[in-house]
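Input: structures, listed below.
Below, chain A partners chain B and then partners chain C, in two separate complexes.
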Partner chain A sequence: MAVLPPDLTAARFASFLDELRGAVGADYVWSSDEDMVAYRDSFSPIWDTKEERLASAAVAPAEVEQVQAVIRIAGKYKVPLFPISTGKNFGYGGPSPNVTGSVVLDLKRLNRVLEVDDKRHFALVEPGVSYFDLYRHIQDKGLKVMVDCPDPGWGSPVGNSLERGIGYTMPHFRDHFGAHCGMEVVLPDGEVMRTGMGAMPGSQTWQEYPYGFGPDPAGLFAQGNFGVVTKMGFRLMPLPEYYRTGMITVPRRRDFVKLVQHVNYLNDSGLIGEVEYGSPLRAKMADPAFLALVTKTGGPSDAEMDAAASQFGLHNWQVELQFFGPKATTLENWNFAKGLILGDIPGAQALEGEHFALPVTEDQLDNLGQPYPTSIKRRRSLGVPSLGEWKIVRDDGHIGFFPVLARTGEAVFEVQRVLGDAMKEFPTLPPFFNALTTPLMWHTHTFQMVFAPSVKHDDPAHNAISHAAMIKCVAVAAEHGWGDYRAAPVYQDAVAGSYSFNNHVLRRFHEQLKDAIDPDGIIAPGRGGIWPRRFRAGGAPA
Partner chain B sequence: MISRRDMLKWGVIAPAVAGMPAAVSAAAPQGIDALVLDRRFSALDQQPAFTAPVKWIDGDVTKLWFEQLDLRWRQPGFVLGGITGPDALWVLDVLARDRGRRVTARKVLPVAAGEVAPVSWVIAPVHPSVKG
Partner chain C sequence: MKRAAIIAAAALALTGTTLWAQEGPPSRTPAPVVRLNKADLPGRVVFEHSCAPCHGAGHGTDGAPTLPGTAALQRRYGGDPAALLEMRADIEAGFIRLFVRNGSGAMPAFRKSELTDAQIDQIAAYLRATAKASKRK
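This part shows the complex of A and B:
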């Protein structure tokens, strides 16, 4: 299992580790097989194969100065570092690096909540702070702000936003990178840089105005490898007074087109939080004849789906809406939504959902009071971190492909048909894409759909199928302009390659930047599909 | 690294926890500070009282983590035993590693074919910062 960094002898590696120990303390440098288990990607489809990406060691600094020291030592030995915040990026690579032999720069000891302001509504945190930590800080101090957390919530706001992760509250907070405001970065030469107003000594607005003056490089540090983020600010939603839910169903398959247009309007006007699209017909997928219809090659016709819905006495589609704000406003927004949709789609129906004042109680978090079957997970909807999501993960985990597509009903139907047909090559996998697959509206202004085949540590044949299906999904989707938004290291080159406008000029631009500031690839070579000159010969040292 | 002393200590504990459902042990295994039991395995409900504090979960460790372990695992010591589904153990294992702890014993318990097997386990501090 033991591996070495690229181009480094065992003796030089030992010297390198000694220098790291001198910088951070002997107890915070790890390289034994037993210790390195924590830095494997437990969800890897290439688990225990010769392709699995394995780190050679891990180092955990506790201060920014120690991060600088580690980066300078790595530069001296030309050892690639792979920074992680809390390493919980499961489904997208977890804590494992792009390059075997990299040393994981584990930032879990930089775990201070530096500031939470509930009058100006922001937080400033270090990368080792988890959503649980931030939530606890806010609760303990009785602050009137709400976290927007992913699910599960054990990752860090810094790491999740740098992966462009998402949450489940109001539109402008769900895009976690979009909601960031100001960062501190240790550059590949060890210098510390601050973005936005953080670049101005004496500024009091680092977490209020993200841009400062001139070009804003903050985007380079998301899914990138241009530095190590050691502080990051986030906008927080003021704790709303009230929370309200409701569901709207529409009878015919083609009604989905108008339903999406109306929900887009509500979302983009800031009237609703995250929505959950679904289909009442999913309850009938255990019926073999109906399953055959919804997974039919080329997709079923509208008439076939409408006939099936009539036969079952169900509507084709539903959407669950959530409202945040003053009590009167949530009621008026719900009434407005009902009027808008029911007035335009014949046969549409509205169901009143649960509603209550915030802060939420434990019973309300359990979400047992809805008068209809609900897909909403109440904890994440109200910014309360949870680990309950892990109960639904099949086998030993999963990989994830989440194509970005237009927010239209037609685009959803096309993805259902195209990727549904493409995945028929892998009949042992669940039919992720079928005529009832609904989009996710996690990011602020786009749809995504989900493909997440499982992995099994004891079944390499199963994993090979998931792996092959993933590669095909990326390729077929790209042919239609649907790009993956986030990927594990093993897929990052393929995904980056699909963003190929003008002979891959975006990738070439990134490579030029990488060559200029990190030619030896000290910071995460390969991350985001960006390889420095040293590594560009096929992902291995040139 | 786990020391020889640790190995001997956990070596006594692990078999005791591992055999618990079948053995119907009334006494908590010596050296364990608390037990996590998973209600999804109904046989565990029928056990007599344990002498160590029992933390019940339903597969979801959120409340156990936030209300107890997140705080307790910041301090030195505290050996946790449990019989849970493998999903809950995986979550606790990942969280434990963040706090200098590790699964030091693990045994999959026998069940009928097709059922999810519970796992008995021990999580103990191994890093110098939390070793008691």
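This part shows the complex of A and C:
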């Protein structure tokens, strides 16, 4: 399994590692086969194939100055570094690099919560801080702010936001990169830069005004390879006084169009938190005739679905709503939502859900008190990190494709039909796209849908199917203007290639920038589909 | 795999609880939390931070009877040995290291930057002491 960095001899590699040891200490440089197992992507669909991307070594600095030293040493030897935060980007590559032979720059030891302010509502953290760490810090100090966390709490706010990950509370906090405010970056030449107000010596507003003056380069460091982020600020929601839930169902298939419009209004007006769309009819998918209907080629007609719903005595769609804020406000917002939707969609029904004052109790976190079956995950909805949702991982992991689509019912129906039909080429995979597949409203202003076939370490044939299906999904979706939002290294070129307006000018612009500041590709060559001149010359290395 | 089984597995895998939420969660009454006599050793904090979110004694989220790691070990061993790591007096540090450094199934490997060999030794000592103390009750 041992590999070398690109264009480096074994002897030069040994010298390089010696210099790294001098910079960070011998205990924090690893290159043995045994130590490098944990730097593989255990969710990889190309696991144990010759295409798998493997790192040659890993180095774990504990200070920004050590990060600078590592980058300068890598520049001297022209060794690509692949930065990771907590290394938990599973489904999107985990800790493994784009280029085999890269050295993982493991930032887990930069693990300080530098500041949390519950009067001005922000945090400043290092990349090795996990959501668990930040939550514990807030709880231990009794601070009145809420973290917006993804499902698994072991991830890093820095890493997750740089991957444009999401959470589950109010709209402007769910987009984790959008909620960041100020960052510190070590550039490919080893210099330290701060963005926004952090660029002004003496500023007290680094985490309150993200832009400073002039162009803001912060976006280059998300899904990019222009530097190594060593500090990052985040806006935090003040701990709300009250939490309230409710469900609304609508009877006919076409009612989904109006339902989406109303929920968009509620979301964009800041009246609700994350919503969970669903269908009561999913309970009937074990019925072979109904399963055949919802997965039929070309999709079922509205009339067919309405007839099935009538036969089962169920509504076609539901949405679960969540409200945060003062108790009276949450009640009025729920009443407003009911009035808006029930007044416009004949036959719509509303169910009152649980509601209680915050902070939440352990019993309330268990989420066993809803008067109706619920799809809301209580912990993540209230910013309490956990690993409970790891229960959804089947086999040895999965890959993920989450196309971005318009927030309309029509767009949802089209994705159901187009990708449902396209994936019939892979009959052993579950029918991820069918007539009951509902959208996710994770990011603030868009819909996404999910395709996540599993991987099995001992079944390369199964993995090959998942891999081929993933590639086809990216291609077919792109033909319809639905782009993936995040991808593992093995898919990043394909996804980046689908953002091809004006002869790929966006990619060419990124390449110009990369060539200007990192022509040798010291920082994550290939990440985000951006290759520096050195690697473009001979084609992107596999 | 039969088509219906694929659908059920897919819905669970993809949307978490979305399918069964329509039918009612699998358990509205999680299994009672096991009462442990937790050893007051340095490994306790390490275990609680690094392992317990999946392998702890608490019940799972949103109606799941146990946490995912405990559920996985229950499926693997059928209860013998115990699925709950804090009830395992037989686990040596080398055994833990094998799984921590290589991963197993859905559990990824853990790097030395996040969990040192010395911390794994502490976890082993904590588990042995906790299991022995808890079984005396």
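By definition in this document, the second predicted complex is superposed on the first by the 536 of 542 C-alpha atoms of A that agree within 3 Å, B and C clash if a C-alpha of one lies under 4 Å from a C-alpha of the other, contacts with A are read in each partner's own complex, and residues count from 1 in each chain.
To be clear about the criterion, contacts are C-beta pairs under 8 Å (C-beta built on N, C-alpha and C of every residue); 3 or more make two chains touch, one makes a residue touch a chain.
Computed from a predicted model, the values in this text were never measured in an experiment.
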Determine, for the superposed arrangement built on chain A, whether chain B and chain C clash or fit. clash
Residues of chain A touched, compared between chain B and chain C (which is higher): C
A:32 in the overlay: touching chain B, chain C, both, or neither? Say first, second, both or neither. first
Just checking: does A:187 make contact with chain B only, chain C only, both, or neither of them? Give me first, second, both or neither. neither
Which partner does A:282 reach: the first (chain B), the second (chain C), both, or neither? second
Counting only touches as set out at the top, which of chain B and chain C does A:64 meet: first, second, both, neither? neither
Contact-wise, after the overlay, does A:154 reach chain B, chain C, both or neither (first, second, both, neither)? both
For A:387, decide between first (touching chain B), second (touching chain C), both and neither. both
Does chain B (first) or chain C (second) touch A:108, or do both, or does neither? both
A:494 in the overlay: touching chain B, chain C, both, or neither? Say first, second, both or neither. neither
Where on chain A do the contacts from chain B and from chain C line up? 34-35, 38, 42, 86, 88, 108, 132, 154, 379, 386-388, 390-391, 393
Residue ranges of chain C in contact with chain A within the complex: 1, 3-4, 6-25, 28-30, 49, 53-54, 59-64, 67-69, 71, 101-103, 105-106, 108-114
Listed in rising order, the residues of chain B that touch chain A in the complex are 1-2, 59-62, 65-66, 70, 87-88, 90-91, 94-95, 97-98, 102, 127-129
Inside the complex, what are the residues of chain A that reach chain C? 28, 30, 34-35, 37-40, 42-43, 58, 60, 86-88, 90, 94-95, 106, 108-109, 132, 153-154, 276, 278-283, 285-286, 288, 291, 366-368, 373-379, 386-398, 428-432, 438, 450, 452, 454
In the complex, chain A touches chain B at residues 27, 32, 34-35, 38, 42, 86, 88, 108, 132, 136, 154, 379, 385-388, 390-391, 393
